[in-house]
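Once you've had a glance at the structure underneath, I'll fire off some questions.
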Amino acid sequence: MNLATDPWVWLAAILTLAIFSFLYRENPFYRFAEHLYVGLANGYAITIYWHQVLVPSLFTPVARNPNIATKVWLIAIGIIGALYFTRFIPRVSWLVRIPIAIVLGYWSGASLPRAVDAEIIQQLRATVVTRAHLAHWDTALWAILILIGVVATISYFFFSAERKGALKPISYVGIIFIMVGFGASFGYTVMARISLFIGRLQFLLGDWLGLIK
Amino acid sequence: MQRRIPLILVLVTGIFGALTFFIPHRTVQAADESMRNDVQRIITAFSLVLGVGSIVQHHLLKIRRKAEHWQYSYVTIAAIAISAIIGVFGGLDPARPGVLPTHIGSFSFHIQTLFTNMLVPLGATMFSLLAFFMASAAYRAFRARTVEATLLLAAAFILMLGAVPLGRMIFGPLPSFAEWILAVPNTAAKRGILFGVQLGIFATSLKIVLGIERGWLGGGGK
Amino acid sequence: MRTKGSARDFWARLQSIDRRWIYLVVWLVVMVPLIFPFRIRPKATPPVEKLFEFIDAMPQEKALVLSIDYGPDTQAELQPMLVALLRHAFATHHKVGVLAMVLTGLGLGENALSQVASEFNARAATHDDSIVNGEDYVFWGWNTPYITVMLGMGENISKVFPVDYYGAKTESLPLMRHLKNYADVGILVSLASSSFPQAWINLAQTQFGVKLGCGVTAVSAADFYPYLNSGQFSGMLGGMKGAAEYEQLVEEGMAKAGENWRLRARGTEAMSSQTAAHLAIILFIIIGNIAFFANRRRKL
Amino acid sequence: MTGLVMIALLVPALGPPTDVAARDVPNDGGGSVAVTWTASPDSGIAGYYVLRQAAADSSWDTLGFAGRLATEYSDDAATDGLKYRYKVVAASAAGNAESEVTSPVTSSPQWFNTDTTPALVGTAVLIAIIIYFIRRARQDRNLFIRRISGLDAVDEALGRATEMGRATLFVPGISGINDVATIAALNILGEVAKKTAKFGTPLIVPNADPIVYTVAREMVKESYTTAGRPDAFNQDIVFFVTDQQFAYAAAVDGIMSREKPATNFLVGMFYAEALILAETGASTGAIQIAGTDAVTQLPFFITACDYTLIGEELYAASAYLSREPILLGAIKGQDYSKAVIVGAIVLATLVALLTGLPVLRYL
């Protein structure tokens, strides 16, 4: 046994145990760690936004950049950002919608062609069966199976008609694919999650207690 | 006006965001870059002030009302204040110290030290709780109640068994079968779901840009 | 009658068992093998074997370059790979260059290098056997942007990393005389938690033809199989399992050379925990279903 | 004799790269020239130096170094409109070999990226379909959309919370307002808040994004006003916690186990914290309704929650709950877009298999 002497290792170990204690039940140690965690996370976020956004992208260029147009542009953005504070002033609180509109509008618009290009067209191309797939029986069979699975899964999400007639068996095939896929994803992820716990135990037993080297 | 100005803004910025995808010209791309790097980042940074204001207010209210466990609210407020002061005034990069000293002798309390020794272990431990939660979720939910549930269970079972040496011992081709499930039925299902999701994203984005979807204005579609 | 009733109770209670018993079992089956390691000897899968054999058969003058493209959050899976690869290179007397693409990976590289170097030096009798910084290995450190690093290393590594991690002038290190650029690299292995291996293919391999291998987390392994099948990767380690298999091969290789050191193999140990945990969860599912059907039959 | 061989080895006639050509990079913002060449026949070379000469200038600048397998180099430092000439030098330890000089070339920016033509067509088609159905919905108010299983559960779950006199917890995901799942979640929150206001059950809405927090707060306030209970709205209902994933999960876990809400809604965009929240909620005995388009997290919601809205069902649910005809029209438009996609896949497959045409090139 070879206990750690660094006070920070001790603190990290205590916090680790406090979180694990939640598995038994909610308790004062967990509650303390939880409140501390939330506070630190916010303090760290303030630090990051200050040093990595506000100072380099706003304050420094406004103070140092010789280009007047750039200065005015950045100050304007700063004012738009500051409109968030109007939420506390009831009469003009609607102004808070302006920065929200700029964020929301831009990203919504940007996602239109990108959803089509990067997702829909790419996935469509990947699903089409071509003669290249027919070279081997297995690639051919699996490509056809994927095509059937994709079509069936899509039809499971068809809302315009009741699941009757032809739609019923097709969407049932869809849910079968979905369930097998979900089960596989679940099983596949187990290993990685256990690795995370092993990592924490290696910290507790190794770095802190020195039980394992 | 309270609605029209925001709606005009989503339309204009939305059209701009969509068009930049098709136009490679330097002028347009430079404007797009400024939109992403300056406008969006700075606006987001300001929004954090709202968030921090909200959580501080939330806990002050608890303290004032002496709500249950109100004492812990002091922990959060103090942690925000202390770490923000250390971070903002002590600097983010240990090589470029700020105005506030961040160590006493060899004992460091730099924001990166707090990050590495408190935030990282707290986060890693929360994350690792999943090992336990996966076990208990599997125990409760993986019951062969219906055909669908049985398939879910069987697929998970095969994947888990395929990942450990025992799986190969029980049945040689098991790991390859597990890979096949991931590569074929799993891919088909995910792709099928994603088509719908992407169309939903497309339709919703379009409705936002055109001002049809107005929930974000706060309250109803008036 | 009574016994039958209690049996029923047993299944009913088992079906709705307090989840904390499950947590306790998971905790124990993971922890016990870490403290009292029992070794499951995993049989190496082809991707792992290929990487091992490639490095084993590499000409003596060619170096192994390891790129640390991960941070502390995925070190449980990837750090054992780094250690095993270093041991393999040192045991087969290959020179090693280490760099980091992820800034937080620097400390991990330093840990692994000093650990493995001291393992070898503790047993070294002569200068030739010992592992010396600057002669047997070099730790170049970190630089950015990655495109510049990956391309620049094809021209002159010392130019990309003017000083090494320890602050020494890279060019002045004896090892660097024989390690000028990719032409002197036998294989470069990218240990990554993100898509860095693809970047290595796109930049270093397509332009300079350098041989590549990769070590990735279990979750992302499926994304890299296509590159393995196409031969762009000469081998691949996936997750804790891949690390364990590699450790096993290294140990066997060293034993063949008469060196039975029984070094700590974190991947193999973790694999025991991993296996035990998987089996526990599988058993839970089986027990849960038995209880479910036993209960249902009672109701019918 | 050996001396002569030595000299011959030392001064080999290194083959230079041939067919060196330079052209403006198409579909770009300008400032780039692509230089291509055929590799030197000598395998012993280390790589190629690419050199450039501006028309007005007589000196050659070395632009950069490309690996021995490279046959192209992109000069990204060209000034649009200026004429440049290029040459490529094969370099080896033994010496260098220069290629011929290219004819002059200028770089220029383009206004349309022709590579994005399929995306442009696809975007236009989808916009047309969706707008058509939205317009139809304005006229015909009885567009049929089937009931979505899991939605009945909303009323049932809220009723249970009222009966038990316990709170309802609504987690709107951990992503930002630009995520469509978040928008859908906020719409559902609006409807849920109307009901909790009506029934008088406490509502808790912790947020992981400051902008989502602002919007959520306005939506809930509005819902309470609509339900005729503006007095019941207070500062404590909607609050921000933190934007850090696991700190947020720790806080919500704490809320779940201390307040013991009867009903949990986990709706929106989720990452690895999904199962942390869902399992903790299950352990407190709450009824849980989940909905997300995060495909990677769906398996965990399906196993740990009572009802799960899968992917698109989340968007459909938000339209269905609001009963807004325009929103229903958009769902209809999405349905027909799906039909178009299925049709395109089947058609392309048939054409590819029957005719052997390289269909993928046109998609």
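Per-chain numbering from 1; labels A, B, C and D assigned in written order.
The definition used in the following text is that a contact is a pair of C-beta atoms (placed from the backbone, for glycine too) under 8 Å apart; a residue touches a chain by one contact, two chains touch by 3 or more.
Worth saying up front: this structure is predicted, and the values here are computed from it rather than measured.
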*What chain lies farthest away from chain B once each centre is taken as the mean of the Cα atoms?*
C
*Between chain pairs A-C and A-B, which one is joined by a greater number of C-beta pairs in contact?*
A-B
*Let me have the rounded angstrom distance from the C-alpha centre of chain A over to the C-alpha centre of chain C, please.*
26
*If you average the CA atoms of chain A and of chain B, how far apart do the two points sit, in angstrom?*
4
*asked:* Centroid from C-alpha atoms only, then distance chain B to chain D, rounded to Å. What do you get?
replied: 13
*Report, in whole Å, the distance between the mean C-alpha point of chain B and the mean C-alpha point of chain C.*
28
*Name the residues of chain C that each touch 2 or more other chains.*
19, 23, 26-27, 30, 218, 241, 274, 277-278, 281
_Can you pull out the residues of chain D that are in contact with at least two other chains?_
116, 119-120, 123, 126-127, 177, 180, 211, 214-215, 241-244, 246-247, 250, 258, 283, 298, 300, 302-303, 310-312, 331, 338, 341
*Using the touch rule from the top of the page, what residues of chain B touch 2 or more other chains?*
18, 21-22, 44, 47-52, 55, 69, 119-120, 122, 124, 126-127, 129-132, 134, 136, 138, 140, 142, 152-153, 156-157, 160, 163, 182-183, 190, 193-196, 199, 201-202, 204-206, 208, 216-218
*Touching residues on chain A, where the partner in the complex is chain B*: 7-9, 11-13, 15-16, 19-20, 22-23, 31-33, 35-54, 57-58, 73-74, 77-78, 80-82, 84-85, 87, 94, 97-117, 119-120, 123, 126-127, 142, 145-154, 156-157, 174-191, 193-194, 196-197, 199-200, 203
*Given the complex with chain D, which residues does chain B contribute to the contact?*
18, 21-29, 44, 47-52, 54-55, 57-58, 61, 68-69, 119, 122-123, 126-127, 129-130, 133-134, 136-138, 140-142, 152, 190, 193-197, 199-208, 210, 212-213, 215-221
_Under the stated contact criterion, what part of chain D meets chain C in this complex?_
46-47, 65-70, 283
_If we count contacts the way the header does, which residues on chain B are in touch with chain C in the complex?_
120, 124, 131-132, 134-136, 138-140, 142-145, 153, 156-157, 160-161, 163-166, 168, 175, 179, 182-183
*chain A - residues contacting chain D, complex*: 19, 22, 25-26, 30-31, 33-34, 37-38, 40-42, 44-45, 84, 87, 96, 100, 103-104, 107-108, 111-113, 116-117, 120-121, 124-125, 127-131, 134, 147, 150-151, 154-155, 157-163, 178, 182-183, 185-186, 189
